[in-house]
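Each of the two complexes below includes chain A, the first together with chain B, the second together with chain C.
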Partner chain A sequence: MRRLIVIASALLLLTLLGIAWWDGHRVKPIALIPTLTGKEEYCLTCHSDLPEISKSHPVKTFGCVICHGGEPLALDATLAHSTLRGGANPADYSVVQANCGGTNCHSGTAATFSDDIQRSTTSIQDTYAGAIAVMRYTYGAQSSLQAQFGTSAIQDPLSTSGITSLKMFDPQTETNPELRLFGQNCLTCHLSAQPLQNGGRYDHFTGCAACHTPTQAPDLTSVNTKTATLVHQLTTAIPYTQCDACHNRGNYDLRTMTFQPRTDTATTRLQDYYQPIAQFTKCEWTLDCIDCHTRTEAMGDGSLYSSKLDIQYIQCQTCHGTLTSLPKTRTLTDPNDLAFRLAQLNPVVTLQLGDTILVTDKGEPLWNTRLLPDGTYHLVGKATGQVFTFKPVMGSGCLQNPDDQSSASCHQCHSVQR
Partner chain B sequence: MREEKLSRRDFLKLARNGLLTLSGLLGLAGLLRYLSYQSQPPVPTEFILGAPTDYAPGSRTVLSQVPALLIRSTSGFTALSLVCPHLGCTVDPQPDGFTCPCHGSRFGLQGQVVHGPAGKALTVLRVENAPDGKLHLFTN
Partner chain C sequence: MRPNFFHHLHPPTIPARQARFRYTLAAGGLAVFLVLVLCVTGILEVFYYIPTPDQAAQSIQTLAFLVPFGGLVRNLHFWAAQFLVIVSLLHLLRVIFTGAYLPPRRFNYLLGMGLFVLAVLLDFTGYVLRWDEGIHYALIAGTNLIKSIPLIGGLLYGSLVGGSQPGAATLIRIYGWHICGLMLAAGILLVWHIFHVRRDGGIAVPPPHLRASQERISRFELVRREVLAMLLASVALLILSVFAPAPLAAPITVDSAISATARAPWFFLWVQELLKLGSPFLWGVVVPLAVLLALTLIPYVFPKPSETELGKWFPKGTRLAQVFFVGILLALLVLTVLALLPMS
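Up next is the complex of A and B:
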């Protein structure tokens, strides 16, 4: 009996020592109480090495859970991640409303410039309505080029384009085998589609992060050798290489209805820029795509459209004017002007009240430009910070007919060979 | 001298007592640790700022621990919260007011909105000269 008592005492001591050892070695939580939620979360216990995602979303203010979901007080990785919304990408369109929405965030109104989710989820980049309409029209499945289908069903009762809804495109219901093949092989580049991840230069995320979380190096030195990295970053300084991840990764072969990846290896920025078959003026490849293409062109205006041609409207004359007219400008007098908001998000320029900037035909501010006292203009690269000076066409020796304003007309004299 | 031999019974008794004592001490340490555990302290809503004379007339002092700006004017002490009413970032004091580094809202010297996205002015906080002779600032 005495021996049993000693053994039991030894076991008790061992158990207590085991508990003490476990307690000494268990993870000590790093607590954060974000200003916005006021609720404690322990995510930084494991993720304190992540950089701030952006200046607009400081972790001290937002924390992690409000954007990512998850179990805020769990210290076990599996449990903590069990209720994540969107996994590593909270900006995927299937979860973006829950993660990034809200009237003060990204699903507010156009008047407060916070209708980003409405814009981007109805944009042609997500609905892919133009390509679907063209294909269905080409193969006789519909009688006009007006979009009827998108990558998902979507309603837009306030649409200003005349298209108030799109049905979901289901290739299986198409009778033409080419359209079924199209659906099978050619729906990989809208913003909700899972990209063809190949560990290379065309990898990208879905949803907002496809553009705003660059996975591609912004310079040529690492082009073709870089691999997509999971990065904790949101930015509006989007380099052309990120646009290339969708827009310059290859072509769809309509004879075989398959995607043909780009096979050439670019060694210069000119070669790397957009489709090898296209012509370029110098500014088209020395600038980044976002230096000319506006927020509305890239993200839409909140209405549904049948073609990208219905929403893309920037031309050479937007910045250069014509022989008979100068480009449109606006002197900034309203401190609430969108130009200030956009410049604040990507401070490559410091705008002041009284500055005169170029604006588009729709009044969108080209906030990274400025009219100089000598009548020339500055443009600061949004992704590079590089300063470009350019002149208006008016007063130059340009021989162009002012009515011929397509880029093809300008390319006749100003294209760069490659 | 004759060496006293420890009987088996005494050895077992000694071992038992020793093990139980150690277990008891360990258990006691665990209990004390449990009883002394403090959960995350609540976010403070009252801050003691020291004597009024610590702040020169006309001064504007950033209190980063709040965060707030303590203003001493001819009419006394006032304080402005430096928490942006838009989403809660900490605004930066500027010579002509305040700017929010997150989304660019601007506020005038009195905390009024100059431009959004913030739709409300910076919150005015209560400052009291308490009976203990010190300034107390309240955020609630």
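Up next is the complex of A and C:
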């Protein structure tokens, strides 16, 4: 018996030593107390390798939990992630209000330029209301092109467009088989739609992150052009490749109501650019989409619309003017001008009071441009930082009819041949 | 050797045949050891546990993940509690299958049943103290069962829950019951139970003239055997605590709904299965209490074996009681397995 007790004691000692060794080799918790919450969280124990998501959201200020949810104290992956809001993507529209909302964050007011969630969730890029209206009108399901349906039901009592609500488009309730097919096969590129191919060249998140979390751009000259990586990043410097994730991945074949993915393999930016059938100018493929298209065009103005044409309004003349007029400009005199805020978020330029920048017809600042003393203009690429100098049309040798100053008319002479 | 304090807690000698592991299963002694482990680990947990709805689960996460060896202490507490229920059941099984519940041990059988009920209640209240989604179902179902009792259900519910639904008052009351009320009762019953083992003549054995062997072991040998059992139990508890952590889930929040796959703790799965049959009061209160009553009345209802049959397994004189007990165990086992099957 005594011998058995000695053996059992040795066994117990060995077990205790084993536990001490095991404890010594466990990952040491990494604590973080974000200044915004003041509450400890330990996500960095496993996620310290993630890059800072953006300069506007420093991890020391925000931490992880305020945006992602999750169990801040848990060091067990399953438990820690069990209460994540939106999984890896807190900006999905189903959870965006809880994660990114708040009057001090992204569901504030238009006056403080912080109504981002209201604008983007009513935008044509999310509702897809224009395409749905066109299809239903074409197949006789509705008598006008005014939008009645969106990808989800949405109310907007303050809408200034005359459309105050959209019902959820349900293909199953449509009597026309083409519309049912359309619903099944063609609603794949609104902001809440999952990408058709995970991990592919056109992979992307949903919601705000569809645009603001760019996939790591593939190297066009590499044989691995089809791979893209989703990264931990939020940015307003959105490269054209991110827009391509939806807008350049193929076409819809309306005869078969199917999506036809691109089959070509682009090796240059020019080949990669835009729809194969489109006419475009040099600046349209050397610049990034966001260098010309404004936040209102991309994210809407908070009202519901029936067509992208109701909200997309930038033309060549916005920057270049016409034969008879120079483009609109604004000299920055108000330190609270939106231009300063946008330049601060993406500091490719340093704006100062007194600078003169181009503005759109609606008064939106093209904050990455500047009027130079010699009458020419600078544009700094928002995603590339590349500087472009350009001239107004007025005073140039342009032979276009003064009454035909739309972009389509410019394309008659200035389109690029591939 | 001069007996020390621990030796004096034991009789000077006991019959060798009935001191063997194959007779006692070491269940009674292990139960006492597990209670000691639970007391020590429980006292350590008290320093970190915060009994408020918004902090309870997080304080357990702090203990489990961040306090040095806190997870080990919590896991030891968890596993000791689970084994206490199992070992208590084994102890009951041994008592029934050896006819050890008969006079003069009938009263001690009642004390033992009281301890068994307290062990289950302590396990259940400890389980609820997690205050996370893993226990949400049991909390709601358990408290609603109390409400279903006619006439006094409302009063009982109010006194336990402290409001119209489980909340801060419920948690602090369950905490109070767990660390104080139930523990005090269990402590008293445990000492009384152990005292009665000595008072009733020690472990059940045949009269001296009917024993096959007159061999006895000393209290020193008995203590050595207990030490060996405790050492081995400690190793088992430690290994389980390292490799099988006690369950945790996300905290219960104001708007959280009970999961469709939620389950009761394992020792109440049979009640959960019974509840599918209909009336909560009948199947959730009356039937479980009837099972408890039936087990409690075994020494008073079934025929006594002769003295010659004492001190050995499966005496013929208590065959009916054995079959009855096996029947109840099988029914509970089948219900538990049914409750574990994937929900349709």
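Brief remarks on what is shown
To be clear about the criterion, the second predicted complex is superposed on the first by the 383 of 418 C-alpha atoms of A that agree within 3 Å, B and C clash if a C-alpha of one lies under 4 Å from a C-alpha of the other, contacts with A are read in each partner's own complex, and residues count from 1 in each chain.
To be clear about the criterion, contacts are C-beta pairs under 8 Å (C-beta built on N, C-alpha and C of every residue); 3 or more make two chains touch, one makes a residue touch a chain.
Predicted model only: the values in this text are computed from it and were never measured.
Set against each other, chain B and chain C differ in how many residues of chain A they touch, and the higher count belongs to B.
In the superposition on chain A, contact is made by A:Ile19 with both chain B and chain C.
Legend: residue contacts after superposition of the two complexes on their common chain; A:Ser82 is shown touching chain C, with no touch to chain B. In the superposition on chain A, A:Ala74 contacts chain C only, with no contact to chain B.
By the touch criterion stated above, A:Cys398 is placed in contact with neither chain B nor chain C. Contact with both chain B and chain C is seen for A:Ser9 once the two complexes are overlaid on the shared chain. In the superposed pair of complexes, A:Pro335 makes contact with chain B only, with no contact to chain C. Once chain A of one complex is fitted onto chain A of the other, the partner contacts of A:Thr61 are limited to chain B, with no touch recorded for chain C. Of the two partner chains, neither chain B nor chain C is touched by A:Leu44. By the touch criterion defined above, A:Ala193 reaches neither chain B nor chain C.
Overlap of the chain B and chain C interfaces on chain A comprises residues 2, 5, 9, 12, 16, 19.
Across the complex, chain B is touched by residues 2-3, 5-6, 9-10, 12-13, 16-17, 19-20, 31, 33-36, 38, 40, 55-58, 60-62, 104-105, 112-114, 335-336, 340-341, 344-345 of chain A.
Within the complex formed with chain A, the chain B residues making contact are 9, 12-13, 15-16, 19-20, 22-23, 26-27, 29-30, 40, 43, 83, 86-90, 101-104, 106, 114-117.
Residues of chain C touching chain A in their complex: 58, 61-62, 65-66, 68-69, 72, 221, 224-225, 227-228, 231-232, 234-235, 238-239, 242, 245, 248-251. On the chain A side of its complex with chain C, the touching residues are 1-2, 4-5, 8-9, 11-12, 15-16, 18-19, 22-23, 29, 42, 71, 73-76, 79, 82-83.
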